[in-house]
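Next come the structures, one after another.
Each of the next two complexes has subunit A plus one more chain, namely subunit B in the first and subunit C in the second.
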Partner chain A sequence: MERFKKVIPLLAVALFLVIPLVDDNQYHVYMLNRALINCMVATGLVALTGFAGQMSLGHAAFYGIGAYATALLTVRVGFPVWLGIISAGAICLLVGMVLSLPSFKVSGFYLSLVTISFGNIVWMLIVNWHSLTRGPLGFPGIPSITLGTQPLSRVGFFYVSAVVLGLMTLALYRLSRSYIGRGMKAMSDDEQATETAGIDTKRMKVLVFSLSALYGGIAGGLYAHLSNFLSPESFVFSESANFVAMAVVGGLRSIYGGVVGGLVVTIIPELLRVKGWEIYYLMGSSLAILLLVIMLPSGIAPAVQNVYNRLGARLGIGGSGSGSNGNGSGNGSAAAVRGDSKSGGR
Partner chain B sequence: MLSLVIQNAVAGSAIGLLYGLIGLGVVLFFQTTNLMNFAHISSAMLGAYLCYTYTVMWKLPFALAIVMAVMSVALYGLLLKRFVYAPLAKRKGGRLEFIIATLMLSVFLLNAVIVVWGGVPLPFQGLFGSDRFPIFLGNVVIQYHSLFVLAYITVFVIALQYFFTRTMTGKSLRAVAQNPRAARLMGINVDRMLNLSFMLSTGVTALAGILLIPVYFVSLDLGSGIIGVKGFACAVMGGMKRPYQALLGGVLIGLAENFVVLFVSSTYRDVITFLFLIIFLVLRKQAEA
Partner chain C sequence: MSFLKLNNLTRRFGGLVAVNDLSFEIAEGKVTGLIGPNGSGKSTTINLISGVLPVTSGSVEFMGHRITGKSPHAISRMGIARTYQQIRVFESLTALENVQVARAGMYRSGLADVLLNTGKLKREESRERDKARELLELVGLGKKGDEMPRNLPYGFRRCLEIARALALEPKLLLLDEPAAGMNRDEFMAVTDLILRLRKTGLSVLLVEHTMEFVETCVDHVVVLNFGQKLAEGTFHQIEQDPRVIEAYLGKEEL
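== the complex of A and B ==
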């Protein structure tokens, strides 16, 4: 019976992974690829905002830095693509460390203002630094990912990014169960109490900022090689807002929040792109996301998990609590972390 | 050179006062709700577009159009409370949820404006004597717009000061801002004061949007994030609690911007503004929100 509960989510993932094999429409596959890339950024934001309680409304900056870094490295320097993406991630990691410095002193709304400013500065640099980025003209001719000698098809790209996203989620899952993850959650609940419990919150902040920047950078690198062309328009402030919206819609406190939110928020506008109603589709999609946030402030993933658990309980399958990992463990307090570290958690 | 400096100082203070007015709206909102409305700047855009409709399309006199536009946007503020703030508060949505809800609201309003008025900036001539020749004082050139802004804001501040210190409603509003629970015990209708602060905050911003028309035209730029962040910056410089300090912060930002353009570069004007904001936020003494 317990096994049955674990089968259904796996089945859902498997069904999702089959889509590009069944659907021939290249545009659909392209949008799925974009959705997976967005999921990566949103997963990074779940770690940053949901677990560690630090707001960022400037993540399009990391996305952009990652994209332009790999574009420049592969086109101008001649790096192979995979090395370009990895270096994009590394560069973003460093920038993320720098951005974590203001968070030592600033929190809440003020931190969101700092990150907005950071995002806008990066965007203006991309637009105005012509010799490096070609500004509003856009950056053309970025090579695709190659497998052996053949360029990777869109379906192939789908599986590559699915694997990357899977690894990212797994890493986050492992992290949330570790000393560091519990420390981060404690920090988001009460920073002073956490420090009193002997946890270095500054280190936590540097760590989580660089982690989510790394996720953003890798996502940006993949995006550059997916679309082969970059324009500054993809990295404006509203893109940052969209990423946070994904994390919130999916569920900030759930590990799967980023994945669910990324898919939902990327697909909603596409569903609303009906012939003859093109001017209304952005209006409709923003309204839909607004309604989702108002109706389900804690996100879709926890809501689905709740319904699922309740159904399971009604059908008499297993206990009700065991399936809700990530969601239930969200209330780690400073004391719990301390107990954990005492008992040899680290 | 001196004349150039004076000229830029006047123009910078004028536009800075308008940023400050937006910041004042942010402060009025924050005082009572302890939240920041990220669709705040959309009120400025709505105000400008509505004012355009009332004057150019309905051929109303300009003064009446301003009042009507501000009133309409204040009504929108009521809707904002009824349909975004109240449901979120009922479901225990936190700050981040409110930020995202209002951000999505601003995207929605931006696209709604595109649908209704089109995305092209609309010309709005003859406003605040902008088609007249500027005033020459020796070598110093002063735009009529700056003088109009100064006049409007002086009147507005006097009215606001009167409202806050002399009327019962204004005093109640201040009481609610200081301590909602104690205010409730004193028999003040806190919910009505909340309504009022939503209306005031959006209305003030609409006025700022209308006065910004000669600079940005009736365009979507008015609803874009950059002016909004400048408004937040003013509010932060005013300590989030003192409305008039927000105006002062606005003047500082306006001056800094104009002198950056004069002495450094116009391309990186906003970059420098944002750098200032980051440094200011980090160096502030108590940075708890």
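== the complex of A and C ==
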């Protein structure tokens, strides 16, 4: 029965994965690739903010550091692309470790301010360090990912990104079900009580900041090789806010929140590009995000999971997961996180 | 070597001296009560021992080791567990997970084991889940493992917090007003739990206002007043000590 319950989500994923094969509009595929990349950053934020309770409004910085790192390493040093992306991730991981240090002292709004400043510093460096980044002129000529000797097509890129995102989500899923993930959630509830429960919260923060930065860095690296050109405006503060919007819309405390939010928030503006109304599409998409946050405060992913579990209960499938979710309907987020650990098959 | 020893412990908050040159020892395997009027520094003492507040001066020694200045998690892992005056359970975790959190130190699996979901991790997770269930059973929450803490009555939430503290397998348990705000049934349940823990030989230091609780559960009493030790002894010695009576009731003017 538990198996049967997993069929529909798997089917949805499979359906999504065949889109680039049936839709040969290159712009659509490009936007899907952008969406997958955004999903990676948002998934990193779900780990950091949703699970561990550490606010970041500076994630565009990791995205930017990752992008420029692989651009420089591949163009100027001659790294192969794959090594460039991995190095981008590793560099961001180290930067993330450093950024975790302020979180030992501050949290909440104060930590948001720290991360905003961090984001601004990185952005100013990108804009002003001409010899390295060419500043506002942009960084051209970044190689595409190659498969053998052939550059990877956009469809190919889609599958590479999907696999990377899948691995990231799997890692977060396993983490969240483990003693480490429980410690993170505990820390987000009550840091002092977590300490006195024998958990080194500083170590936990270093871990989750590095993980989140790693996700952002790899996403940035992939973006550099997708667009072949980098410009500072892709890494401004509003992009950081946008990543937070993705995580919140998708479900800050759900493992799949980053994936769902990244897709929805990237695709919505594209759907609103109606002929004759182009000037309104960004306003429209902001309004859509606003409405989603008000109507589904714990996010789309947990809401869908709740509906699905209830339908499952009514149809008499997958009893255990849906049964205990019934009483948690008032709080989708907690119920969804709990639902995950259940459907994982205890 | 004494079990737990406070040496000239002092804590100031600005101009207020909450704990003032306090020294006392507690014995292993006994339940020690820390009593005193409001504001006499009982909770501060607990906070200083558990490391959640830094000391201004003085030190705490636990089984021959100086623990002053260590971080709370290190002190917890050395065997000093605690509960809080205002119950602090993890609201987004189930009751069982609340207890499991405190078992983190028992794992040999690392991050790599988690990411690769190794057999070692699975064995440890299942072992620790069983252990957590046992602890819930012990505090009378055996059937409540899947409940969210907010759905539990007040007394059960307190028991859950105690179960989480016990999950550290502590040598010393610090309880800050464990019976405060409880109705009669809850009060009896917590009293019974502490008496059962005492039988297992666990050392306990508890702050409590309810004299009935102190009388039933405690082997030895330390009385604080204005951050200093006023008296110590058995409950019956303390009960008749004129200084203690004066501290609680005031002096009779003739």
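Quick notes on this structure:
Keep this in mind: the second predicted complex is superposed on the first by the 318 of 346 C-alpha atoms of A that agree within 3 Å, B and C clash if a C-alpha of one lies under 4 Å from a C-alpha of the other, contacts with A are read in each partner's own complex, and residues count from 1 in each chain.
Just so we're on the same page, a contact is a pair of C-beta atoms (placed from the backbone, for glycine too) under 8 Å apart; a residue touches a chain by one contact, two chains touch by 3 or more.
Note that the coordinates shown come from a computational prediction; the quantities given were computed from them, not determined experimentally.
By the touch criterion stated above, A:304 is placed in contact with neither subunit B nor subunit C. After overlaying the two complexes on the shared chain, residue contacts for A:192 are found with subunit C alone; subunit B is out of touch. In the superposed model, A:107 makes contact with subunit B only, not with subunit C. Of the two partner chains placed around the shared chain by superposition, subunit B is the only one that A:238 touches, whereas subunit C remains out of contact. Contacts from subunit C toward subunit A in the complex involve residues 50, 52, 71-77, 81-82, 84, 88-94, 97-98, 100-105, 107, 109, 111, 114-115, 117, 121, 124-125, 128, 146, 148, 151, 164-165, 167-168. On the side of subunit A, the complex with subunit B involves touching residues 49, 55, 57, 102, 105-114, 116-118, 120-121, 124-125, 128, 237-238, 241, 244-245, 248, 252, 279-280, 282-283, 286-287, 289-290, 293-295, 297. Contacts from subunit B toward subunit A in the complex involve residues 36, 38, 84, 87-88, 91-97, 99-101, 103-105, 107-108, 111-112, 114-115, 225-226, 229, 232-233, 236, 267-268, 270-271, 274-275, 277-278, 281-282, 284, 287-289. Looking at the complex, you find that subunit A touches subunit C at residues 171, 174-175, 178-180, 182-183, 185-186, 188-190, 192-202, 207, 253, 324, 327-328, 331, 333-334, 337-338.
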